[in-house]
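Two complexes follow with chain A in common, the first pairing it with chain B and the second with chain C.
Take a look at the complex of A and B:
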């Protein structure tokens, strides 16, 4: 039987089809859980809302935009300063959030006038910012304010500003995923094609589904620039509003998170004929393959190979130092959506970890298909997990570490399982070759912290070891390691800096000769 | 020289000081034992509040959602409440108290939460759970009214209103702490113990600072029981420390059950702690013991080392929950500091009549602004564009970039304080809180002097 029935969920039988264990020889035809269905009320699910999927996940990483939520203050407050999507313009998008502050009288009499005053006021307070995104919330969706009409009015009155409207109230869908879809489609409908960009390279891409968590986008952009590729826009991490209005002029859409941003790629293909190429910036091999694929599309494989060779030589010995010490460690890979399949196989192959469970809060069946296909036998896959199921799984699987969100991480802590933040990372970025080593380093530091031994000791009944004044991570990780590995002179620990991203901002790049014009 | 109480001049909110009402109700609900609230609305209204609380306390708390989706928003979502109650009861056998906390969406669509509670009591609870003690309590906290502060106030009142019942008179007093930290509760309980007063500390969250135990058994939840809530009607009196976070419940108990109420002052600083002890003495007849004279002496000793040498004339801006902000401002004045800007993050008609604010207006001998309905841009804009000069900022972590970008030292205080380690463990109330606050402020100034090389050598001989 592939379905896994949780003891705690026996009383809600519909949950049974949301968890599977991948048995010996089983494939997806026999083990695919249901996904992206309505949440069971009262189950203490971990899902967020469609507003947060639109505003918090995809909208706000745009860096040169006033992000105004049309509603009471709570929605905007709650989705502010809980992420680590940085930018190269001083983190405006992290620092400032705007709410129209809808009150009872507006609920009764309408809040359109309030909205208009808010828009004008916000531009006055931040005269250097000329772009705005307005997010609808539950309250203003229900009272039916015509946000589009107000925005049009303001744009006529203030010709130098541009406003994007995102109608994605919190209740619009079973999870944040509904919001991802809505803002993707809204952007292409309203904004793509309204700016003509300057093309500076023969090779032009949009980098899509990348949110610059701790600098991921900047790391990947560095590779593209080293290959002479122009990154016309990034949707949306560290992305610029006007660059994203010019998405229609790219030659290729390079898609990272296919869960949250495949919609706009698919539309760009349909409407503008721009092909979509799915890539993966996590892990040496997937990243190398990704760079090769992009290069192959443009016929510049040599440029990719040069980068791959250089980066691998620099960082592989450090990755392998950790791999030797992480072999066989059990992981619950419990992220939000796409990382379950971005990471599942590659942390096994490149770090030696064993994925004992994957879950997804807001993923669809397609994400589970990919994730389960990439898991080994006995992996437990859970769709829309809830609090009790998570605890039951931790008790059953006894993982050495869990990759999940901040709050579930606190739950894991109490049962003695260290956590790494799968959404915001601990000490990222995790993309790129160096980033992947940083991830391995963070996992190592989490698993081999001497605090876990201390935590397990019950001083009232256990013998208290008095022979040691301290224990180091190495004393724990190397205890059963063969001598040749322990003493290896080729393997080494991470040697990068605390901040690996800021230096990229001042980097200069080689110029490549233009491709000779093809004969017509 | 004036002290003006005004409203924010702009219409919109840039960087809000507070979140909305349901968050306050949720924070109150986790103070009750065997209680899991159901927030009736979209899932974000719970998910983000749980995240916020876990950011602040580094603990996870269980709060459920009715998960209203599109169909519910169109056709009504009471069926989601019914299902949520049943699912919660089936899976959490210890749960006895379930507040149904409304949000903007379910208030706008007009879901009759009170009606569905009656229906559930008559049907589901009687049929499926006849032998189980279950309390369903509707709490109306539309997000477009008030703020998280009023949400806490409303929820505390509604819980007390639901449970309070006279049995036999008790010598205990009710202590409604307001929205505080575990460290505050520890200090309050210590003061009560020194006074040998038995108190019913309500929405008691000391255990939110919970351990990681060898047997992995620890879970974080509040300690106020149903019995505690019922017995509030029997108490000798109620002291609500904060006017705006628990004041409603104290007034209710006085009016409905003749339990005398003393509301405030928030015992921040020496003077307000003195008043708190005097109130305890008046209510119970218990004397203030020598041990507290000594404790107070330690605090005064610590403060004397700092005040005229380092703290005097320092200009401070304070933002956050109104009782906290006012209490901190009063304490700063006693420390010879100049709280030049107080920002209260919501609009409340009662602020005008608050005697503490009136006292500031009557006596402050420098220019002080008190801005209600304020946001954090009210602070930043004054610093960046209007020439406000500050030596120190007191407030919660959401304003951290104002301090960082403008190079102004800041002491984190209030909720949330996620960008500093363990602050929830330390009190700001009582004599211990007074010492801690004064020393934190001084140390923040010292560190700043060193980073800016601004007379850092002065500390050589201190």
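Take a look at the complex of A and C:
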């Protein structure tokens, strides 16, 4: 096994099995780190907890729900607003967060009365919202509060409300991924099959594992609607609680983030016979293949081909403008879970970047299989890294940019490496054809920002070149480009609007006649 | 395996690994089912045989198989020079190798979990 041992982690020998370098001829039978294990004592992990994974990642993007944490107030605060999962209903789920504010006396005497009082008060304060999700936390799990019983009582007293219980306290798994699992299974056990939906199309899908980061879901939904496909529910970005209770009526589950949501797809297949189709919404070619596959499933491939042709013609020249300027730039692709495999190959193919490392904070070995399979030789793959390992890898690999979360991202900036937010994005959405160009633009802006040249100079040590003027992005990026590329009249920079999502909400869509070949 | 066949299998498997997701379902039995059905249909399509998916699950296998066959034809012109028996033989070796990499030789310790 081509393990990589970090100098800084030699005192934690177990860490060696969590990093590998993909050498020549290596494949998945010889090159795979350990994964989804408890963090090794002594290693300060960048992981979240199982409560965070359930609430912050999966539960809260549901848009028409009071999201109530039963526990101390810090639990809800620290899982609030740091991911931009917007919605088309005024961002209710981002504006508000709710907690029962459990304190020491409740730990001693119990917090069930407090919980009931909070549930009723929250519904009274927001009379238009009739749905609630209650998240268990470590404190209330340990004292044994019966959240289900309280929720049942309230639903009897207030018959027009519905409450979902997510029993995933912070300690219920090695990382946030434990919470993804628990909320998937809880949702299908408690809620799927409890609402019968209105079916408006011959072609009906659940769009699963999509969280509408800066509008990703709305971009993809636009494509589906243009093909005449009904998105019955989205699990869970911009998703509606009652739509998600009707998941059992879809013809197909289209799965984006398998890391966080494959569980519910697998269960929907076993319990309701709905097949699972894994797709990639990022990148021109993977997205085109994905739209093509969904359309082929329903026998409407012509509709997908029309979209692919139109979108490619509109946006490809802009993607290629950036590709010419990003070729050969080295990337540390260090996201949370699924983006290490969604992005690993396609950013090399379509943007010319070179992935020198992938890591995952909470991914499983299955995610590393996908990521390592899609990487080239010499890529360093790290599971559950700590901050010192991250710094050592940056020093060793000398990347031009890092795609990661905001905490490790800020660390990278301190050592002069530009970072893009892989979780909440900088100027997304990044899905869709236009979104992929927006991503390329963000990468370009980060790598070639003149601030990095200026920031790299230490005024207490380095000579300051006072005889040189300010260098612009284009001066930096175009310095070594051939004239025909620099002066190309076909390639162009991003020309879309600042907000590419809001206009989609008022769009009208074509209606299609029923086809006899429609899915059963 | 002779050198030419080995190289061709490597090329075919490289495409799957870099561009597909269907081979990485979460459990051994899922991967076995996926590999068998999708590569089975791909083989038929490459041999010019009809594939008629009947159930929703079959349709899912078929869309992945169809796209894979198209990609292979586009990227590997040498496929057009092979006879039906040669294609079957090549695809059988590919199946064997894919099963090895993703199931029997896999280092993923979660594959044998009894539950999702």
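What we mean here is this: the second predicted complex is superposed on the first by the 502 of 520 C-alpha atoms of A that agree within 3 Å, B and C clash if a C-alpha of one lies under 4 Å from a C-alpha of the other, contacts with A are read in each partner's own complex, and residues count from 1 in each chain.
By definition in this document, a contact is a pair of C-beta atoms (placed from the backbone, for glycine too) under 8 Å apart; a residue touches a chain by one contact, two chains touch by 3 or more.
No experiment lies behind these values; they were computed from the predicted model shown.
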Chain B versus chain C as contact partner of A:464, first or second or both or neither: neither
Which of chain B and chain C A:266 touches, first, second, both or neither: second
Chain B versus chain C as contact partner of A:169, first or second or both or neither: first
Touched chain A residues, chain B compared with chain C: B
First, second, both or neither for A:479, with chain B first and chain C second: neither
Touching both chain B and chain C, residues of chain A: none
Touch list for chain C against partner chain A, complex: 17-19, 21-22, 24-26, 30, 56-57, 59-60, 62-64, 66-67, 100-102, 105-110, 116
Residues of chain A defined as touching chain C within the complex: 27-29, 32, 36, 185, 251-252, 258, 262-263, 266-267, 269-270, 273-280, 286, 289, 292-294, 296-297, 341, 345, 364-366, 369-370, 373-374, 519-520
Complex contacts: residues of chain B adjacent to chain A: 10-16, 18-23, 36, 38, 41-45, 47-52, 54-55, 58-60, 62-70, 72-73, 80-81, 83-88, 90-92, 103-105, 108-109, 142-145, 147-148, 210, 212, 214-216, 218-220, 377, 381, 397-398, 401, 405
Residues on chain A engaged by chain B in the complex (per definition of touch): 8-9, 11-12, 38-52, 68, 71-82, 91, 94-104, 106-107, 114, 117-118, 121-122, 125, 137-139, 141-143, 169-176, 387-388, 405-408, 410-411, 413-416, 455-458, 462
